[in-house]
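What follows is a pair of complexes built around subunit A, which joins subunit B in one and subunit C in the other.
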Partner chain A sequence: MIAGHPRYVTKRLMQGYIGRRFVRMLFTIWLGASAIFFIPRFGGNDPADAVLGGLLAAGGTTEGADELITAYSERFGFDDPLLVQYGKYLKNIVLFDNGLSISAFPASVDEQIGRALPWTIGLMSVAILLSFLIGNLIGALLGWPATKPLTRAILSMPLFITAIPAFMVGLILLWLFSFRLQWLPFSGAYDPDVAPGWNLSFIGSVVKHGFLPAVSVILVRLGGFALGMRGMMITTAGQDYMLLAEAKGLSKRRKFFRYGVRNTLAPQLTELGVAIGSIAGGFVIVERVFNYPGLGSLLFRAILTDDFPLIQGVVVYLIIGVTAMAFLLDIAYPLIDPRISYSKDRS
Partner chain B sequence: MRIRKGLFRIFVMFVALALIAVACGDDSSTADDPAPDPDATAPEPGDPDPEPGDPDPEPEPPPPPDTAKDPAEATRAETLIVDIDSGLGEDPENFNPYSGAQRDAGLSQVLTDPLFLLNILTGELEPWMAESIESNSDATQWTLTLRDGVQWSDGEAVTADDVLFTVEMLQTVPELSAGTKFEGVEATAVNDRTVRFDLTESNQRFALSSFSTALASQAFFVVPEHIWSTVDDIATFKNYDPEGGWPVFSGPYELDSVTDTSFTYLRRNDWWAAEAGLVQLPQPLKVRFVSFGGEEQKLAAMDQGDLDWATNISPGAYLALRQGNEDVAAWSENAPFGQLDLCPRSLEFNHNNPILADANLRWGIAHLINREAVIDVGYGGFGAPPSRHFMAAYPALNRYVDLLDDAGLTDKYPFAITDDSMAAARLGAAGYVKNGDNWEKDGQRLSLKISNYDDPTINNLVKILVEQLTAAGIDASQDTMQIPDFIDGLLKAGFEAYVFFGSCAGSTVDPWQAMDSFSVRHLPDNPEDAVGGFYSNTFRWSSDNAVAYGDIVSEINTLPVADPKIDDLFVEAMELWLEDLPEIPLAQHPIIHPYSSRYWTGFPNENDPYIQAIVAAPTFAEVLMTIRPAG
Partner chain C sequence: MNADNAETVDESTTAEPQARRDNPWLNRKLIAGAVVLTLLFVMPFALRLFHDRDLALVGSSPVNMVPNGFEGDPNLGFKDPSGDHPLGTDSQGRDMLAVLLVGIPATLQVGLIGAGIGMAVGILLGFTSGFFGRRLDAVITTITDATLTIPGLAVLVVVAASVDELTVTTMGLVMALFAWPIPTRLIRSQVLSMRQSGYVPLARMSGVTPFGIMFKEILPNLLPYLAGGFTFTIAGVILAATGVETLGLGPQRLPTLGTTVNAALENSALFRGMWWWWSPPIIVLVVIFLGFYLLNMGLDEVSNPRLRRIK
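Right after this comes the complex of A and B.
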């Protein structure tokens, strides 16, 4: 390809753009990972104490607790100088090896995350995608001038729920559908009587157990999408191309979806991207309320037990998820919206 | 119009999806097992209510267990479902009892056999896998004999080598967590069934402290030497390989499956104890331990017939459940409903702190506290008994406390009395004066930060303590912390004062273990160093009285359990303790473990107290042998 050729220039610009964004992503990961390494250590507690936590909660004891803590400190390297620990920690992140969990010793952090992650991804990705679709649809209709006042009033109702914390919505759903009506299970990810596998009864059990947690998230999340979409739609409805569509005599449906929704969707995708990136964190309290064995429950337990390696592991994956999603959006954005350029200076 | 039609279509699809999801789920837990008629177990009208304490009429012997049926095919009515006290576990695929396994999810209760079962109500160390344990005259040598015919689940015999291997493993692997590490003990396998323990010092309580099952965490689990000796790193060994038939233990059940929230076990019809004719096979074909989540979920599960035995329910919640469900009951008909825990709650002080090391100050604080009000708030008005002593109020231990009454020590040292003038006298003796509403010394207001780990009852106890002390003129405050932070402060003397159960060391019939938790023998050379355990004088009580007290406690340990000479020594030691009052006993702690007789009957209660009603401990095995199907 010849230098100066438009495709060559675009390619170079894109490479520079991606490179800058990639470096920025790595920097953000390093910054976040460093913060999560140092912050728990400012507490001044001995992280090896976590190994005794379960025993105390059970009213139990162990002989030689001091020796046990010393042995754990050595095994986990907590007796190394802080900078040495930090260096090992960064190296392990690069190698995607988060070492052993303290509270779940001898399980590894990656093993713990690996067990919890599919539940959270399954639950949260469905919940977030549904809240994106429903929220944007509601928002678009609310911002669409032709929507009838009654429809508008009905569609506004779910938005009130957005102001309620997700765990509170979860508790209400739990009380109504599990305790009172006894329609849906109140705990766990599937029925223990069902053998895990690709069969209808397992899938049905998973859907049944995930239904209430998912609805809690959907009800709380859709408001954000809806309000954003509503604002964008109001702006879009006054654009010249909408007048043109009107003048062309296009159908209402075509005007709504092809001219209205399509042109307002790009900013919403950013929010969706960030939401998907943060899936790894789960909805800690929602998972807790439903005793759902996802990453949220895992993170909650890790914090309660001062399990530094596990906290670090979960949060680092969360940071990587969010920054990677932001990076992908940065790349995709100029492709979605031509007003955004890869070059620093369009002139 | 089209948009509205589209919307309607989406709505209908959404609802349909939800209904399909509800319909698709496996519902075997309720569909194929109709619950027995609740009326079948209800008392006949006109039957007099049994008085608490009245023994139940002799129960019918349980029917012979059905060994023809495959336990894997057990229906709900043949399955016992039990709550996991510790909740959602860390790693459900870990069955190493000394390294991270969730012991209260069936491992302690159905998968393993203890050598002995300690009945805290009778104080007897009941033989189980072991036949006997005897000491020589000065208790420096103990001989343990295993029963004949004990077998692991893989068919290998349980031998003295297994016991020896387990003891040596605990002695040599520091990462392992156990109630005893057999310090100062040399074990030898004399023959296949006999192990000899040679102690460097006389210890009359070696059997009781090494093989007690009073606390789940203290239990000693023998592990199969033929498997564990092949493991490179025992600290990281998970003992889990379902394909290979692991975990291998000797208990009446074997592991069927685990999920993140449940553990399912199937009855072993070839269990050694049944084959040897010692006991009948337990009636439940299947036992499932489930983590349901919070208290609300546990209550709903029990109410809906999905849970047979729950753990740690608050009195108010228990009453609400019982009101709507006549199958539900607990240890006692009336408040406090639960059995008293081994661990009474106390206000404890850090004696490393020179201000708090003053006995007059502690006595002054004791007289400012209205314990009845503290207990009333802490336990929601459900009548937890106030503590007369730092020990659990069990009959055999109460006998010792009565000795203090007889000796006049209760009157001489009335720590339970709330009296402003007595408080003023004690605080005055400690150098404090009342300036306005505040107690001060050298112009400094007396302050007290009370720490506790986050627990609903303890939080309430501390809250009301702080209120009372603040109203009395002390700058009191509460510091509620997460368990690991609390442990750090507890072991390293990091608090001023704290509400805890620092004397909960396993005493049930013999006061020595609880007394020993105040012994100076536990104190490290450097006062800032950590102590060796939760019940190892975390108070750092080290005054002259403490030293003299420790000597008496050591002397008691040279006497056999229940030796009459202990009585006088106990009174002598307690006078030293009471004079110093190293902690202020507050309340006995009832633990409510409700059970449902919808599917199973015969759970222990105050009318039929054959064993303690503690779900998490190995004594669960005795409950398993006793319960029978309802109806």
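Right after this comes the complex of A and C.
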């Protein structure tokens, strides 16, 4: 415990907390980046060979393959000892420089990722936000004693889908709504006939194309949040302050949202932080199923064309993105629940 | 130890009629899940006797044949069924029934290998972390938490992309890389609470070694819990493996459920109306996931008496 004025103590602990979480974030990124550097190399298959092999194979068809080979040998230092290669690799990650793509030469890996990233970020944040909101609302209503049995029965139905992966739900939705009913488009992010820009027809087209991929992620993810919320809501509903709210004669709505939901939301955010990695992983495959032009489809294309630098680049970005999101959620915690104070000990 | 044994013997003789009715292992979810999964494990082996598995190879059968009981559509190039291929064939000349007969055991095997290793590592790390505590605990917890945050699927893609030849076994080994953090965390928290139970200090005072306490005293108490964790982990590994396979990285020689989904997607089976190509692996996978889900919930009821219904 640190002695001093209460406000001063809080401030210092907060700084310490954010600092600790930041270090933890860097550690996580380092661990992930090192895993994708070392595991393939110790697995008996050197990515350096894979890159060179890919380049030599492309030599007949790609112009400037010689140039690429020299550029790569220099960048990765294929002839250097492993630790020097590792150093160069880490340096390139810090500089956000993932080099040149093999399959789409002369485009760089970062250029391609830059084009795909907005689509993934846009669709995924909508899907995460909606599944979090809807899931928590369902869970809160299920845990609330005053909910009617019929509402309860209807609300608990989507929870069964939780056991099924998102891309499978996506495939079934795709079959139903795009193939049988022909209501929604099969693939892509917008209609190629519509000029991209801030106009209604383009936005409408984007929404129409993003609808099914988003819904398949939302349907699968809301169950997890709902189950967690239900458990906590049952506990919260039995607290003394609920009795006080009752005695005060507050409206049902106020009791539910202000006294019930508000008090259970913070732990749910932790759950969101833990789930983000697996949501992102599932999203990659959903994108591939819907041929949505985000990171997932880019990764799929990179795998198809044996473009190892592109695969590695996409994965590094995914690791950094997910870890940063988890970090932001962690430090947003005290803003949402002022009851939480951070002490030095790890918990 | 002797006193312990005497007690259990005593209990089982006197409490038998009561135990049969109240046996927590006989709950409905557990039985339903176990039946579904047993069928999935056994059926492919039984059906092998009647159907040739070699038909799962590319080019072994006529292409684009609809399942028995349906009519082909010459406009779309779909052939009428001949009776030899009950579930139809795909565009690459694979018999769909044979694909399932090979794919179901292959997918389950990937799950078992990955989750088996993941659980073994989880038990080792979870017990070490929860039991010995202090600095070792801090190190293990930090690494486990960091690994949990990393999007495992993405890293698995890199690893799978750099493996020379993916087989069912190597696929399972690759999947094990990210199968251990969740078991580790679950087991650690259980060991932490178990350590507070009275029998642990008692055993320690009786001179039982730490390993003895860990594996002879605590571990047996955690068995239903570990079984629940195992089902959860298998489902997770199968999910990750199918995901990686759907992205085009799977065992090349023999079809698994995930590589079949990938083949169907690559040949746009969905747009061409070849429902008998993409739907069987999806349906089987859904059944697998629901089976493990039920089994897990059933085991939860065994290890957590509060979940049991009052009769």
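We take it that the second predicted complex is superposed on the first by the 271 of 347 C-alpha atoms of A that agree within 3 Å, B and C clash if a C-alpha of one lies under 4 Å from a C-alpha of the other, contacts with A are read in each partner's own complex, and residues count from 1 in each chain.
Keep this in mind: contacts are C-beta pairs under 8 Å (C-beta built on N, C-alpha and C of every residue); 3 or more make two chains touch, one makes a residue touch a chain.
Everything numeric in this text was worked out from a predicted model, so none of it was measured.
In the superposed pair of complexes, A:Q312 makes contact with subunit C only, with no contact to subunit B.
Applying the stated contact rule after C-alpha superposition, one finds that A:L184 touches subunit B and leaves subunit C untouched. With both structures placed on the common chain, the touch criterion links A:P165 to subunit C but leaves subunit B unconnected. Of the two partner chains placed by superposition, only subunit C is touched by A:V322; subunit B is not.
Contacts of A:T236 after superposition: neither subunit B nor subunit C is touched. For subunit A, the partner with contacts to more residues, out of subunit B and subunit C, is B. Once chain A of one complex is fitted onto chain A of the other, the partner contacts of A:L304 extend to both subunit B and subunit C. In the superposed model, A:R253 lies in contact with subunit B only, and not with subunit C. In the superposed model, A:L174 makes contact with both subunit B and subunit C. Subunit A uses residues 43, 45, 47, 50, 174, 179, 186, 288-289, 303-304, 306 to touch subunit B in one structure and subunit C in the other.
Listing the residues of subunit A that touch subunit B in their complex gives 43, 45-47, 49-72, 75, 100-101, 103-107, 111-112, 115-116, 119, 134, 137, 141, 151, 174, 178-179, 182-196, 200-205, 207-209, 211, 251-253, 256, 288-291, 293, 297, 301, 303-306. The part of subunit C that touches subunit A in the complex is made up of residues 138, 141-143, 145-155, 157-159, 161-164, 177, 235, 239-240, 242-243, 246-249, 261, 265, 270-271, 273, 275, 278-279, 282, 285-286, 289-290, 292-293.
On the subunit A side of its complex with subunit C, the touching residues are 24, 27-28, 31-32, 35-36, 39-40, 43-45, 47, 50, 160, 162-165, 167-168, 171-172, 174-175, 179, 186, 273-274, 276-278, 280-282, 284-285, 288-289, 299-300, 303-304, 306, 308, 311-312, 314-315, 318-319, 322-323, 326, 346. Residues of subunit B that touch subunit A in their complex: 2-4, 6-7, 10, 18, 21-26, 28-29, 85-86, 88, 90-91, 93-94, 96, 99-100, 103-104, 174-181, 183, 215-218, 235-238, 257, 259-262, 264, 288, 290-294, 296-297, 300-301, 304, 341-343, 453, 482-488, 491, 501, 504-505, 524, 529-536, 616.
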